[in-house]
Every structure is written in C-alpha cells, then in structure tokens.
Amino acid sequence: MSGTLLEVRDLSVVFDGFRAIDGVDFTVEQGELRFLIGPNGAGKTTLIDVITGLTRPASGSVRFEGWDLVGRKEHEIVRMGVGRTFQTSVVFEQLTVVENLDLAASFRRPLWSLARRRRGVSAAVEAAMATTGLDALAARPAGVLSHGQRQWLEIGMLIAQRPRLLLLDEPVAGMSGEERSRTGELLVEIAKDHTVIVIEHDMDFLRRYASQVTVLHEGKVLVEGSVDQVRSDPRVQEVYLGRAEDRDKRPAGGGRAGAAGEGRTGSAGAEPAEGAAVGSAAGEVT
Amino acid sequence: MRNSAWRIGAVVAVLATGLAACGGQSSTTGGGTAAAGGDASSIKVGILHSLSGTMAISEVTVRDSELLAIEEINAAGGVLGKKLVPVVEDGASDWPTFAEKATKLIAQDKVATVFGGWTSASRKAMLPVFEKRKALLWYPVQYEGLESSPYIFYTGATTNQQIVPGLDYLKEKGKKRIFLVGSDYVFPRTANKIIKAYAAANGMQVLGEEYTPLGHTEYSTLVNKVVQAKPDAVFNTLNGDSNVAFFKQLKSAGVTAEQMPVMSVSVAEEEVKGIGVDNIAGHLVAWNYYQTTDNPANKKFVEAFKAKYGPDRVTSDPMEAGYNAVYLWAEAVKKAGSTEVEAVKKAAGGITLDRPEGSVTIDGENQHIYKTARIGVIETDGQIKEVWNSGKPIKPDPYLKTYPWAGGLA
Amino acid sequence: MEAIVNQLPIGLSIGAVLLLIALGLTFTFGQMGVINMAHGEFIMAGAYTAYLLQGWAGRQAVLVALPVAFAVAGLMGLILERTAIRHFYGRPLDTLLLTWGVSLVLQQLARDLFGAPNVQVQAPAWLQGGLGILPYNRLFIFALAVGSVVAIWGYMNRTSHGRRMQAVMQNRQLAAVMGINTGRVDQRTFFIGSGLAGIAGVALTLIGPVGPALGTYYIVDAFLVVVAGGLGQLRGAVIAAVALGLLNSYAEFWTNASLAKVIVFVAIIAFLQVRPQGMFVLRSRALT
Amino acid sequence: MTATVRDAAPVAPPAPGRSWRDRLRGPSVFVLIAVLALVVAPLLLEPFRLGLLAKYLCFGIVALGIGLAWGQGGMLTLGQGVFFGLGGYAMGMYLKLHDAGGDLPDFMVWSGVERLPALWIPFENPVFAIAFAVVGPVLLAVLLGSLVFRQRVRGAYFAILTQALAAAMVILLVGQQGLTGGTNGLTNFFDLFGQDLAADGTQRGLYVVVAAVLGVLYLVAWQLVRSRFGRLLVAIRDGEDRVRFLGYNPATIKTITFAVSAGMAGLAGALFVPVVGIISPALLGVVPSLELVVAVAVGGRFSLAGAVLGAVVMGYAKTSFSEEFADGWLYLQGALFILVMTLAPKGIFGLAATLRDLLPGRRARA
C-alpha cells in the first residue's frame, strides 16, 4: 500500500509574536524514512509538536490519512496511529522495562479490562523487546537503565504502540559511537515496515542511514531531497557553516534563550564540523 | 524469605497486642473500686474543655476557674469528707472529640460528674453521651436555649436572662432601629430569631441581618452595609476572633459608640484585651456577671483567682458560671449525701447560693439557674461597668414559654 | 448604583489585603515551586513583631515594625529554607506537608510565647479617621501593597539580583549552567518572599485579630490568589488579587459573607477551565 | 526514588519465578492481620477502646483512598474530608429521620424549619442513604475531576483547589443550618436498624463491620494497584504528559482514581457516623483533611498498607497524647511530620523496609 500518509500544508506557529514555523509544506509518503534536519531554532521539534498535538499552530493544516490532526488531543492522535519519542527520553522509572512496553501496547484495550492484572507478555511487547534487544532487562526497573538503553526503550515503546507513523526526536543524542550504530541499525529495521520521520543533528548518522532529507531553517523548508543533494546544496552549507559568524548579529538569539534548551548539551561535539553550530545556538525555539 | 514473612507477622502481632494491652491497662488504672469514681477518700470529677485549637483561648479560662473552685472546696474539707480529684481532658475544639472524651471520663475514669463545654456544638455532641450513660454534665456558658436535657445543668444564661434583657435595655433607651450581626452558627441564628420576634412585638425595626463564617476577618463590606442602613444600635452575636476584626473595622469606619452602640453578647473581659480597648470602649455588653460586680463573694473570687493565676488575669461571666457550677454540684452532693447521679439531680432543685454574680438558685424543673441580668458598658481601662440590672434573679425560661411574642419560635 | 460605587473602593482595599498576603507566596511558590503552608505563620510573626515593638515605639509601632517584621519573617523563611526546604526542590507536594508541620509548631510556639488570647496592637493616631468610605488604615494598606509591588518590580527588573532571580524562575538548570548560584538565589528569594509576609502581618494588625491562629485565617485565600494569578507572575498576582477582592466585595454585598466565599471558589474553578495555568503563564516545552 | 517501593508488598509487581513462599507472604500477613482485627481485638479490648479503634479504622479507609490517589496517582487531595462528610451526612440524615419517626429532626425544630426539606426526603430510605454515601462523593469527584484534570490542573494547583473545596464546603454546610444542623452537625442518634446504638453489642458489631469493609476495600485497592490500571496510574504520577503519548487520556484515569478514593472516603464517613455518633463540619474542613494526608505520609504513602497503618497509628497517637499532655500534641504532630518528611519520606513503611534490607543475614537467606 502506498500513497500520502502525512500532509502538512502552509503551517505556521507563532510564539509570542515569534514565528517558529512560517508557512511550511511537508509531505510524507507511506513507507518512507524521512530525516528532518536544520540548525537549532529551525523549527524541527516544533513541527513534530504540532503533528502530535502538543503545540497548536496559528494557521495551516496537518492531515494524516486524510484526517485533520489540528485541534485534536495528544492521546487521540496517538490512537489514530501517530507515535513519537522525545529528545530527552521519558520512560517510567518506577516501572520495569516490560511494564513500560506493556502500557505502550495496551492503549487499545477497553478501559475496564485495564483493571485486570497483566498475565504474561503480549506478542507486541515480545516483538518490541526482540527488536530493541531489551529482553534481558525485561524485569529491571527502567530507572536503572543507561541513557542509550532508555532511548531504545522509548523506541521499543513506540513500536509496541504499533503506530502507522513514527516520529523520532533526536534518537541518538548523547549516545556513544557504538550505541549510535546500534540505533541506526534499529532504525533501518523499523523503517522496513513503518513510516518514520527522524529529527537528527548528527551529519555522520545522516550520511549512513538517511535517504530522503528535509532541511528546515528559520521556520521554513530550505531544501528537500536525497542526502547527497542536500549536502551539496550551497544554501545548506551556508546555513550550517555560516552560522558561526552569524550568531553575533542575531539579537533575538538570546532573548528567549532563558526558557530553552534543557538537556541539549548532550548533542554537542558529535561531529567537529557541526559542534560550533549546535553549541552556539541556545535558541532552539521553545 | 519465609522468615521475614513471619518477622513482619510477629511485629504486627506484638504491636496489636501492645495496643490492646495499653487499652486494657489504662482502663484498669482508671477504673477504681468505688461505684461513682474515686476511692474511699476522694471523688473524681471530670473537666472537659478545649485546651488546644481555636476555642482554647476561651475555654482554658473556664478550666482555670473550675480548678480554683475545686481547690477551694478541698481546702475547706472537700465534699462528704472526700477530696475532689479533677481529671482534665482536652476537647481540642473538635465536637466529636468532646463526645469521645466525655465517654472516656464516664466509662473509664468513672467520674462523679463532668464540668465542661463552651460552644453549643460541643454541648450537642456530648448530650447523647450523658443521656445514654446517665451521667451529669455542668455546662457553664450562656447559650441559645431551646434545650433542657435531664442530664445537663446549665449554669450560664439562657436567652431570657441575657438577650431579652439586652433588648429591653435598648428599647428603654429608644434604640428602635437595630441591625443584627452574627457568626454563622447556631447561637447567633437562634438569638436573632428571638430578637426578630421581640422586635415585631415591641415596635422595633430590624434593618438587616448578616452572618459571617466563623473566623472571618474581612468586615469592610459588612460595615459598609451597617453604615448605610443607619441603625440606632447593632446587636452583635459574633464569636471569637471575628469580634476583633469587626470592632477594628467599625472603629476605623468612623462609627462611634455614641451614635451607634453595639450590644454584644459574646464579648467579655477576656476578649476586650484582644480587641483593643480603643476600638470597643463605650459599647455595650449583656451578661450576668462582670469582674466589677460589687459584692463580697466576687471580691473573694477575683482575689483568689488573681492570687492563683496572676494579677494580669481577668475574670469573666463564663468563668464565674464554671466556678459556680462546681460549688452548686458540691452543694447538691452534700444535700443528697451521695454522688449518685439521680440523688444529686433530685437534691439540686431549689439550692440557693450567694455567688459572685449575686444570689443564684437552681431551677429543679429545667436544671437552669435563676440569674440576674446585667448590662454593662466597656470602660477605657478594659473593665466593664454595670449600667443596668434586672434587680432580682430572673427565672430561667429556655423555651420562652412565658413570653407571648415568642409563641411561634419553638 | 450607589452600591456599585461604594463597593468599588472596598473591593480594591480587600484586593490590597489579598495582594499583600499573597505577594510573598508568588515568589516562593512561583519561583521555587514551594508550597509554603507556614506562610501564614510568617504573617503572624510580622503581626507579633508589631506587638512587641509597641513597648518601645508606642503607637508608631506599626511604622517601625515594617522593616523589622520584614527582617524577622525573612530570617524565619531563610532558616526554613536552609534547614529543610532546600532538600525538597522538585517535590512541591512534600514541601506542602513539611511546611504544614512547621506551621503547626509555630502556632503552638506563639501560643506558648504570647498566650492563647489575642493581643492588641494600637493603630497610630494619624491612621484614625478616613476619606469618604475608606478609612485611612485601608488607604495605608493600599499604599503598602502598591509600594511592595513597585519595589518588587524594581528589584526584579532593575537589579542584577532580580534578573538572576528571573532567570532561575524561568529555567533553573540553564541558569545553573550559566553560572548563577541557584542556591544563593533561592535563599534570597525565600528571604524576600517570607519578609513580605512579615509586612503583611504588620498591616493586618490594623484591621484584624492578632493571635496564634492569625495565619490560618489567610492562608487559603492567599493560595487562591496565587493559583488564579499564575505561577510566579507579579502582574498575575496583582490582577488576581484585585479581581478576587472586587468579586468578594460585590458578592458579599448582594448575598452574604458565607455565600461570597463559595462564589469566589466556584469562580476560580470556572476561571481555571479557561486558563488552567492561571492568568499568565511561562511557556515551556519541558515535558513534565 | 529509583529504588522504588519494592517492599510495599501490594505495590511491587510479582516478579516472574517467585517461589510459592513469596507468593504466600502477602496473603499470609493479610490473613494474620485480619484475624487479629476481627477476632482478637473485639475479645481483648473493652468497648470504649474498641469504639476508638473502629474510628481509627474508618480513617484508615479514607487513608486507603488517599494512598491510592496520592501515593499511586500523585494527586495530593487535601479535600478528602468533603467526601467523608458527604457520606457521613447521608448516613446521619437517615439516622436522624429514622429516630424522628415521622416528625421533624430535633435541630430543624429549633432552627425554625416547618416542613421536611425536599432534599431530606429520599434519605428516609436506608438503601438510598447508604448508596448515596458512596455515589454522592463519586459523582462530586467525577465532576470536579473531569473539570480540573481535563484542563490539566495538577500538582500543587490541584492540592490547593481541593483544599479550597474543603473550606468552601464547610462554609456552605455551616450556613445552611436548617438543612444541615450548622456547626453542630448531626448528632444524638439512637437506633441503627433496630439496634440500640449505645449498646456495647451494637458497637462491637459496628467495629466488625468497619474492619471487614476496610479489609475488602484493601483487597480491591490492592488488586487495582497490581493491575495495568495501577501501573498506568504510577506512570501518570511520574510523567503525566508522556502518558498521553502512549495513547491514554490521563484525565480519565485520574478522574476514575479520584472517584474511587472519594467513594472510599464517603463509605468511611457513613460508617463513622454510627460508630462515633456525630457528623459535623469540623470533621471535613481543611485541618482534618490535612491530618489524614499527614497520617498517610507518616505511614508510608507508596504502600496501601502504609497508608492505612499511618491513619490508625496517628489516630491512636492523637488520642493517647491528648490524654497525657494536650498542649504538646501540636508540637508532636508538627515535629513528627517534619521528621518524617525530611528523614523518611516513604514513611514508617518505607523505613521499615529499608531497615529490614539492612538486617544481617537476610540477603544470605534470601
């Protein structure tokens, strides 16, 4: 089955007069693995926030399988088949790995049946554990997991939800090299039978795993195309490499910085060429 | 693992039996041998007031005067040759606690009688306990009437000994247009019902009736309502701390006692200090006793009280009523020759004593007291000067049966 | 019509009282997420400070007491913050219970130190009388509230301490990363927030009872103002206090005091349906 | 916090591969306590103390609900007294009407009410009264919960709102004297289903009923906590917004839990009235509501057993300390509270579990 799964039209998001997203059009086809990149402040996470109902747009539409998502509550959007992870992984530390996964897999159950105890492990949870390689940790509380393991658990929870569209927000941020590779393989594995959108900063990671890439810059779509097309595009180079000189000229940069950027330090230094760009801009729109 | 299971079990078992043992133990220590509490040389009496919580401020003073009475009686040889031993409990300003502690005093300590309570709510909570267990309570505070339990003696004023005389006084002074202000609970609401019936029958006009929650401290709106209504006088049944806020805010709104006197029935010497003499001087109160009441029994009471508790302390109507309660009970016991409840009840009727407020007599029928009504004005030294009294003790009439205008009330 | 005009200044003056008692809370609650149930007892401490100073300053005690009460209540807050609350950041509900324990102890302490009965604080002679329907002492409280707000606003926006405080309020981690000593800022915030309670306490001696239970009469109202105004928002607190004051005065005028309290509660619930985070809210993406 | 609440028996999920001894541990302790409470206590304790214990157990039922809502679900409800009061008043109204036997209840007479208010009429039926004692609080909780949780009001806001609800409720009850008995509340009950309420036998029977109800509700709550619902509740407590992205509406789960805890409080109130003989606004205000939360914290909020234990222990402590030295109670309560919150935030139960882990030899044997 193919066709358009997600269609974003003329989307704008405004925070206190600041246009975080400014007239974005964005389409994802069934079965695609799409990377979303751009410097901090480009509006990547904001775009995902709008798709998943966390942020309301000022104007524009988001259609998923033809249904408009704007105005729906977060959990309703999940129930329609759109799942996501977060930059800073949020798993339930008091619950075990298998319980985390089981909750993710159970939302379609009728409410009254939740009052029963879980007996055994469902197929979806089994599969999610197998895919993410967390089997051995099943009975451990999620609180004791390492950073990488938490990210995998989040991805596992996402798979267990059996969504039709997966949105991953910087899945390899803060990971070690080996963990990155494993996550990349995991991603390829998942992309085989899911439609996936990944936000990522890490160029190296991008080179290795991405096919289709959309570059956002200052709330607008800058370029869209294959990895090589995008890498060779002068505008992209300008945006990424020119930023270092740029930053002193941007008066707005620090203005709202106060409220931003928690947990972002981890992504710096992934690649020397970008370290400057990533580290310099505290102004990821919040 | 099994061991730990049993360890938990054992701890629980020990705890539970400990609890049980504590309960059992305190019951036996409290039990005693004599039928009516105490032993061959002593009689236990219960004192049950709020020693903590919002009511403690008032009730502690009554406890003090009751303990003074017990001390004096013991110094004079006790009752029936036995010393009185007070068992003091804390009602904690919480009505169910009053019921619980009353049960404890009766069932466990087996006291001969209990002196206690202040708020109507605490009395209502204790009433079933005393009636079911056929024990005696002496309740020392003026109250809203409409009650006459066979197991309670009421040594404070009922409505016809305080509110009605207060109204008589206002009428006599030509204060015909009055405004009613009260805390939102039983006493003020009942009192105001009586006041409205009285007003209707006596050509007086009630311009407004306002209630505020207990503990309310924001009176600017209410004061504004009062000021706009321009009454001749205000009849005030506010309780406790609210009086402080009300009088302060009334004063700062420019209302003086000359233009618009406030007649209060819950403000006594003790409260005047907290309100601030500045704010309340010149206003009126209605009670049966003031520290300044002039007679030898009062002189002795005030001196003894200050000697025991310090020269700064003042005496007030409820304190005196509590003090009287102990003496009246002791007298009834002497007359009955026993502390047995039914005998004491039977003996009590008709007992007359000279007390600080003057002559008091127990009405055997409704177990209230004949009391002299006194209207006072608050002086700048914080004392209350009597400006009017009823001349003789008024027969208590808790249901106002002898007042034709009160026909529809109960 | 006359009523509407008459109740307006009364509502504003009730609002001023609400603002004074809630101002400190917007700091401690707003910045640090600390629900300080002992705030009421800091107010009480301020009131007793005025009482104690009477022996020395006589009828001018209220004036003299303002800075002293600020310091006394502020120090109490500082001690509380240093000894207990700093271990509780990020656990606001636990601090609520902790500080309630503290408030119980402080109430009983006041009872033991000053006695259970209310004490009297004499108002200065120059506060006797009034302007139209508003007594001078109400105007004094009004001026005090305005003064406090202006002082706080100036402190927050015109001093480096204040800006640091704002930075911590908006993003604690980032502020820490940027080299702000958040512990120091917290202490200062708690000192000021508690100190404002002390000032409120002095003001309340003009219109209400001074006793061990003083704090309990105001604490719920104070929290409602903060909830309606939004976390840590000075202008939110001001608007909420004035709005609740006006609502209270009109509701009480047309119904009665009991019903007015219930109406205010219902209004706040209804308001939170429209603005669940209070009037003004800091936007943040942080997922909690 | 990562160490979790493993020793709070009902909370910890059954780890796979536990021995049968482990599986029996919880139930055996439960049965032991049940036997102690239902058989041993009525035999050992004299009626007065048994009545007090019944009162503490009523508070234990409320505490169970608080444990569920707060300990598990993170909803700090400072207004549980409201639900307790609703249940208590429902029961009190029935008892009052029953005692009046067709006449007006005594307080209405002296409040000047001439006809039985319509609100009271259904409460002549005991089945309605008892049903209302549970359903009334549940409905109020659903109403409040759906309004408040839907708008994502939570944490401190929720706590303050529930506290204000308690304050408003007291004012409302006190103000409607003819309808509610005002500050006095409802008191002076004589007869429950033909049994004299003052009789020792009736009180003993009531105690057994209270203990049994507590036991049953405990099992229900325990089951709930161990179910997916319970896991979800913990997840919501620790990351409500994240739960939305698992496809659940936290507002629904929270409202249900809040309603369950309200229902428990209501039932406790209904049982409390015949046991203690009074229901008044003083029982459902800000302070008693807070005191129960305190008790739960002291006992150990993360475990249902800890919550119940806390309520019973604090109730007992309050009675015995106020008998010994009344003035000290506030100090003691305050100090205990400060100590528990600073030194043992998981309460007695959590502390006991930690201590037991430290016991030498335990690890070897396990």
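Some notes on this structure:
Going by the order they are written in, the chains are A, B, C and D; count residues from 1 in each one.
Operating definition for what follows: a contact is a pair of C-beta atoms (placed from the backbone, for glycine too) under 8 Å apart; a residue touches a chain by one contact, two chains touch by 3 or more.
Protein identities per chain, from UniProt: A = Urea ABC transporter ATP-binding protein UrtD; B = Urea ABC transporter substrate-binding protein; C = Urea ABC transporter permease subunit UrtB; D = Urea ABC transporter permease subunit UrtC.
Treat the numbers as computed from the prediction; the structure is a model and nothing was measured.
When every pair of chains is scored by its C-beta contact pairs, the maximum goes to B-D.
When every chain is reduced to the mean of its CA atoms, the largest separation from chain A belongs to B.
If you average the Cα atoms of chain A and of chain C, the two centres end up 43 Å apart.
Centre to centre, using the average C-alpha position, chain B and chain C are separated by 36 Å. Annotation for chain C: residues touching 2 or more other chains are 111, 256, 258, 261, 287. Shown for chain B are the residues in touch with two or more other chains, namely 184, 211, 213.
Those residues of chain D in touch with two or more other chains are numbered 171, 174-175, 239, 241-242, 327, 330. Against chain D, in their complex, chain C makes its touches with residues 29, 33, 35, 84, 87-88, 91-94, 96-98, 100-105, 107-108, 111-112, 220, 223-224, 226-227, 256, 258-259, 261-262, 265-266, 268-269, 272-273, 276, 287-288.
Contact residues of chain D toward chain A in the complex are 1-2, 4-5, 13, 15-16, 223-224, 226-229, 231-232, 234-235, 238-239, 241-250, 252, 256.
Here chain B touches chain D in the complex through residues 1-5, 7-9, 12-13, 16-17, 19-20, 22-24, 26-27, 51-52, 89-90, 92-97, 99-100, 103-104, 107-108, 119-121, 124-125, 127-129, 132-133, 144, 146-147, 184-186, 189-190, 193, 211, 213-214, 409-410, going by the rule given at the top.
Across the complex, chain C is touched by residues 54, 56-57, 60, 184, 210-213, 215-222, 224-225, 227-228, 241, 244-245, 248-249, 252-254, 270-271, 273-278 of chain B.
Within the complex formed with chain B, the chain C residues making contact are 6-7, 10, 13-14, 17, 111, 116-123, 127-130, 133, 135-138, 204, 206-211, 213, 216-218, 248-249, 252-253, 256-258, 261.
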